[in-house]
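As written, the chains take the letters A, B, C and D, and residue 1 is the first residue of each chain.
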Amino acid sequence: MSRKISVVLSIIMVFTFIVTLTNETGFGAESDRLVEVSLITRPKASSPDEFETITILAEEMRKVGIDAKVDVMPWEQMADVVWYDRESWDITGWQMTARPERLDPDEFTYNLFHSSTAETGYNFIGYINNEYDEVAEKQRVTVDKEERRKLIYKSQEIIAEDVAYIFSVNPMVNIVYNNQVFAESSIKEMAGLGIKNFWTYLYAEPISDQKDLVLNSNDTVQAVNPLYISGSVDSWITELVWDRLMRMGQDGLPKPWAAKSVDWIDKTTIRVVLRDDLRFHDGEKVTVEDVKFSFEVPKTGEAPMYKPFVDIIDVINIEDDQTLVFKLKKPWAAFETASLAKINIIPKHVWEPVIEDLKDKPENAESYQEEVPVGSGPFKFSNWKFSEEVVLSANEDYFQPPKVDKWIVRFVENMEATFGMIQNGEINFLATYLGDNQLLQQRVKEDEKLTMVSSIDLGFRFLAPNHRIRPFSDKAFRKAVAALNDRELIAALVWKGFAVPSDGVISPALEYWDNPNVNYPEAGLQNARKILEEAGYEWDEEGRLLYPDA
Amino acid sequence: MSLLKVEDLKVYYETTRGTNKAVDGISFNLEESQSLGLVGESGCGKSTTVKGLVRVMSKNAFIPDGKVMFKDRNLLDLNEKEMNKIRWSDISLVPQAAMDSLNPVYTVKNQFLEVMKLKGEMSKKASLNRAKTLFKKVGLNEELLGYYPHQFSGGMKQRAVIALALALNPNLIITDEPVTALDVIVQHQILKELKGLREELNISLIMITHDISVVAQTCDQIAIMYAGKIVEKGPANEVLKKPLHPYTMGLENSFPDITKPNKKLISIEGSPPELISPPAGCRFAVRCPFSEDICFKKEPELIKINEKHYSACIHQKNLEELRAKSREVETWQKVVS
Amino acid sequence: MLKVIKNILLQVYTFLKNDKFAMTGAIIYVFFFIIAVLAPYIAPYNPHEMIREGSNYMFNQPPDSNFILGTTNMGRDIFSQLIYGVRPVLMVGFSAAFFVMVVGTLVGLFSGYYGGKTDSILMRFTDVAFGIPFTPFVIVLVGFLGPSIWNIVMAMAILLWRDTARVIRSQVLTVRERSFVEAARVSGASDLRIMFVYIAPNILPLSFLYGSLAIGWAILTEAAVSFLGFGDPNVISWGYMLNDAYVSQALSRGAYYWFIPPGIFIMLAVMAGFYIGRGSEEILHPKLKEY
Amino acid sequence: MNLRWKYLIKRTGQMLLTLWIIATILFFIFRLMPGNPLVAYIDPTFTEEQQEILMKQFGLDKSLWMQYIIYIKNLFQGELGQSFFFKDSVINVISKVLPNTIYLMLTALIIAYTAGIVGGIFLAWKRGEMIESVGIVFTLFTRAAPQFWVGMILLAIFSFQFDIFPSGGVSQAGTVYSSELDKLLSFQFYRHLFLPALTLSIYLLGLPLLLMRSNMLDVMDESYVEMAKIRGVSKIRVLVKYAARNAFLPVITAMAVGIGYAMGGNVVIETVFSWPGLGRLLVKAVSTSDYPLAQGAFILIAGVMVFMNFVADILYSLLDPRVNIDSKR
């Protein structure tokens, strides 16, 4: 091919390159009164609902003249920005996931908004309100439920009034299982968690030759370690392999489990009587020493993640070989849920030497991975094929042995493949599903061997405004954005009707604690404009919103 | 009894610009243990003729008509399997580019044994001995058998290829420019050996070359090819001494002759015609100093002039005079190409 | 001046005419360029807009009269996205190809011409570039620097010149021995002049060939990176569409009209890249002889 | 004999130099990247000094230069450090996924290269016919189609629709293999391996096929091929022993380089088919800012690629006697 032609063609390529470059960067003068907001969200692939919610809100904000820009980043970068430099971001999509210990309102009510956790803790929005601090501290120590309920109601009113968070929805938890593999009656539902819970795994009754319960997760297991809260999947496994003194019941309230009885002698002392038929998977008997050891290990700093759940304990004395008495530093209403039902009973004869030798090493118990984890729970650890599956087998001599032979969790990232698997039986319990719920519901209707159980999630989705800097430091602006964030539309559009609008941190699933009537800003573009006008905001000739020039 | 009788053989090529009539009807025959020299400039169709004979042609070549009677069987009618039986056991070839005519990734021994195993019924040991004796015959050391082709020099490779051609002692060997790539001394040695081998094993030979002096030394009969046709054929000494066709005369002038050191070398002006649409009449007319109008209209037939000497030219008389004129430079220069 | 352009275009035409592969490639690109330029007029809707009729949103509409290729699960028009998708894809393709060509050719030219120390240093760099696996490198770069089309182009510019460099170098080595280069050196021309005036034009066809191959690689990489979720969310490219369809389970829904077309368009664009690279016959069989 | 060793030593020297440069580049890429890597592992409720302990644990408190020295020292001892996310040694984590990547890659390469070579011979043989241009266009399609798109379509058809193949994973739920060999012998493993390997080989098929065809066409014009025909060697034997045997040399060297590419390349396929391989691990490491793991995976892949380029050169001289330097003279 002659040289002339190739010279001509490369000129054309240079030309296209320059043209594309120029129209890329827009120009425009910026005055300092213009309201600019950057909304942070995770990419659509890892969190479709958050991405769509933020995109819609940004669109609405632009309608009232706010210069809204969507800023997408993977979860780690987002956490780094929001957590570590708390002055630099405006508003971010966020979510609180459902965990059994959050069935008690204490964690959300206290940790999320108390001023003490504003510096480095969960109160990353920097919400400071002394009146709220008082209510939060008081409810913590009010053991009487009725009394405590009034305080929880009060806390929800303050948050709604202050629009601390811009609430979005409580999603529905849609779990599908194969009704030809498990008897319908044996599937247990739990308030706020749906049917994906301890009770279902324990009582699920196989009615076909498939005796194994095979469920899925879209994330791999990080570690199977009773002293390390790693991923959500890991917590399902820990909950089954290691036993606990108490378990959260189907009604969302703690009840004695490995403990025969739990009675409060006074506000700060609790007597726990242990069951006498408990054995570890290696045959050793479960003793009170093991239980005492399990509650004291987090204190040594070798299990940092469990430390907050045992800090409140002053001392544990052994009365006899079946009874222990816990002495607390000060009363803590959530002690049963957040500690007795949270700490895993670990074998002293296995972990004591490990903790001993970790003392002088920089690493802690979190990076210690037992060859074959030993617990005393309903399931025994059987096999872990890295980033593929974890297999647990039923512990026959447990006092309440599970009916299934094996409990297998498979890691499948590809949502379409997961969808295919539940239909062709490769998995018979769809535990995690990030896909389109409408499609799921339609397919369940068409396929009679599948049953779907939907329930309101304990966790909730919201937008976290940064109270430290403009514009979200101004309550009126937060109110206006709350009005722009039409929760009905989000529930219908983004969640396709599989979510309920949320107006507080306490999910409707917890009827006892949820305050039904809080006055949260009413959705609508006009309402938002009115709020902004009243607060002194103005618009320039092109309709761009300007800060009040006070 | 004639070993090979070629009658009006045509070999054409299908090209994007039309049909190239590379070989446009040639006839010659060859008696047993006789040798024929096929001489002509490059591009006159001699290599194509060979490929036509052994019927190993490129994809777009085809044989419209003509007969190749070998031991009274028409090779063109045989199917591939039958043809394969004849290849190398009856007719073998010493290729033009001996340099890379052996498979570079196999030892020479391997390729020898392959040929013998395919055709001869000999056992491995017997064929190995045969290969060794042949190597000795062509003056090569036995150990060389185990070496790779790229480790052979030009002369050694030429001898190896000749040995390979003799492997199944065929009736006919065709050599295509066997010595052109070699220096004169080695050339002479090879031709002498070839002549000796032929007489010893009484094998008939067709020698393809553009170098008339090579043919003179080794061939009984000579056929001169030009632009896809045979213009003159006959016994070697007659064709060399008393050429009938002006083209042969021109050829003789353009080669040095050891016996006539001061002979002036005269080259024929112009180049052979394009064979997609060959000119009417005699194809050499445009370059021929003695051409007349008739030459540009009617194509001359190859007719018998005397005894076994044929020529395709209108001039049959006063040839002596033409030969004398053809030795002057001026006759050829006045030809306007 | 007009006459010069005319005859260059004529030459381009003849070059394309006799090589059917290159011709098809050129046609495909012209087709895409037209779409890119006229996108606003061809596409019926704004690709980002969630289309609403009255109060209900048009989710998952199968192809019909007003949605030629149907709508996505969020009610966006697929056909418009496909049309607007051409722009970023061509931008990534051509800018990446431009870098690959320029960097590759320069490295090849210098190391081939000078030889000796420069050659071995440059070749070590090429070895290093060959050593670093491309897709993981792009993922790391985009993963950390944030999802944007320009990061993909940058990654290609940093790495993908390696093939061009090696091929151009070997070509320069042969061209350098040619007599006219010798003559130029003897006549006192400076190294740079020799390189750019004498040698460069001879190797330009080859570097152009690798440039067009790079267009194909760039488009495929953009699609793969978008698929893995590291794509640029604000720019609707075909890769973005495929990721969108994948995340929203188009195939389980049987929405083939959503998942298939972007893939086909990507294939066409990449194929055109291969074709236009002097026709695949030439790439595949350089010494193609006419009989 | 020494000519050969000199060449080998020089080449190995070059290889080590290249690897060292790559290792250094990788070190700086990960250290200078934005995003504090520890964010994913320090529980927000940690106190300052707890975060200090963790920083020390992962050696992040030392100066960049000091970290580099330790890093290179470890590298030579084959120590790739500790993965933040999996709280386990990088080598240990990688060794768990490496076999899967190797099985997938090798099967796909073998299928692609055998099909490629056979296809190349066929297309060369059918030179100029209609089937040849159809073949070429088809091959270009296989190279131009995005891998994940092909993967998803195959999955949709063969797994969702007709349920012939499983939709993901390496083996059936709960199966326990007594050994790697037992896994390689089990039918289920191949049923899981089939679709991913098919998708990968469709992509890899293009290079060997087109390269083989091109070489075949060159070789077919060689006179030793013509001579073989004249010697009455059968058509098939000529195609294989003379033409293919010479033509496939460059394809084999391309395969060696292909192994390097495939090592890091099939990230996308591993994601689509939930195949627990090195590629997916790398994406996980990058998205969780677990840079020792990402770095370790990267160095391994780069090491294999450099080594494979080296093997490609050696392989060529072994296969082609002409290049063989120390031939028996």
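Everything that follows uses one rule, which is that a contact is a pair of C-beta atoms (placed from the backbone, for glycine too) under 8 Å apart; a residue touches a chain by one contact, two chains touch by 3 or more.
No experiment lies behind these values; they were computed from the predicted model shown.
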item: Chain closest to the middle, measuring from C-alpha centroids that were averaged per chain; value: D
item: Which of B-D and C-D has more C-beta pairs touching across its chains; value: C-D
item: Intercentroid distance (Cα basis), subunit B paired with subunit A, Å; value: 91
item: Length of the line joining the C-alpha centres of subunit B and subunit C, rounded to whole Å; value: 54
item: Centre-of-Cα separation between subunit D and subunit C, whole angstrom; value: 23
item: Numbers and ranges of subunit A residues touching at least 2 other chains; value: 74, 77, 416, 419-420
item: Of all residues in subunit D, the ones touching two or more other chains; value: 34-35, 152, 155-156, 160, 271, 287
item: Subunit B residues counted as touching two or more neighbouring chains; value: 60
item: Partner subunit D, residues of subunit B touching it in the complex; value: 54, 56, 59-60, 80, 83-89, 92-93, 95-97, 100-106, 114-115, 118-119, 146-148, 150-151
item: Of all residues in subunit A, those that touch subunit D in their complex; value: 74-77, 79-80, 83-84, 117, 120-122, 124, 212, 214, 220, 222-223, 228-229, 301, 304-305, 308, 362-364, 366-367, 369, 382-383, 385-389, 391, 406, 408, 410-414, 416-421, 423-424, 426-427
item: In the complex, subunit C residues that touch subunit A; value: 8, 11-12, 15, 50, 57, 59, 73-74, 87, 90-91, 94-95, 97-98, 101, 143, 146-147, 201-202, 204-205, 207-208, 211, 228-231, 233-234, 243-244, 246-249, 251-253, 278, 282
item: Subunit C partner contacts - residues on subunit D that touch it in the complex; value: 14, 17-19, 21-22, 25, 29-30, 33-35, 136, 140-141, 143-149, 152-153, 155-156, 160, 210, 213-214, 217-218, 221, 260-261, 263-265, 267-268, 271, 279, 282-283, 286-287, 294, 297-298, 301-302, 305-306, 309
item: Subunit C - residues contacting subunit D, complex; value: 124, 127-128, 130-136, 139-141, 143-145, 216, 220, 223-224, 227-228, 242, 246, 251-252, 259-260, 262-263, 266-268, 270-271, 274-275, 280, 283-289
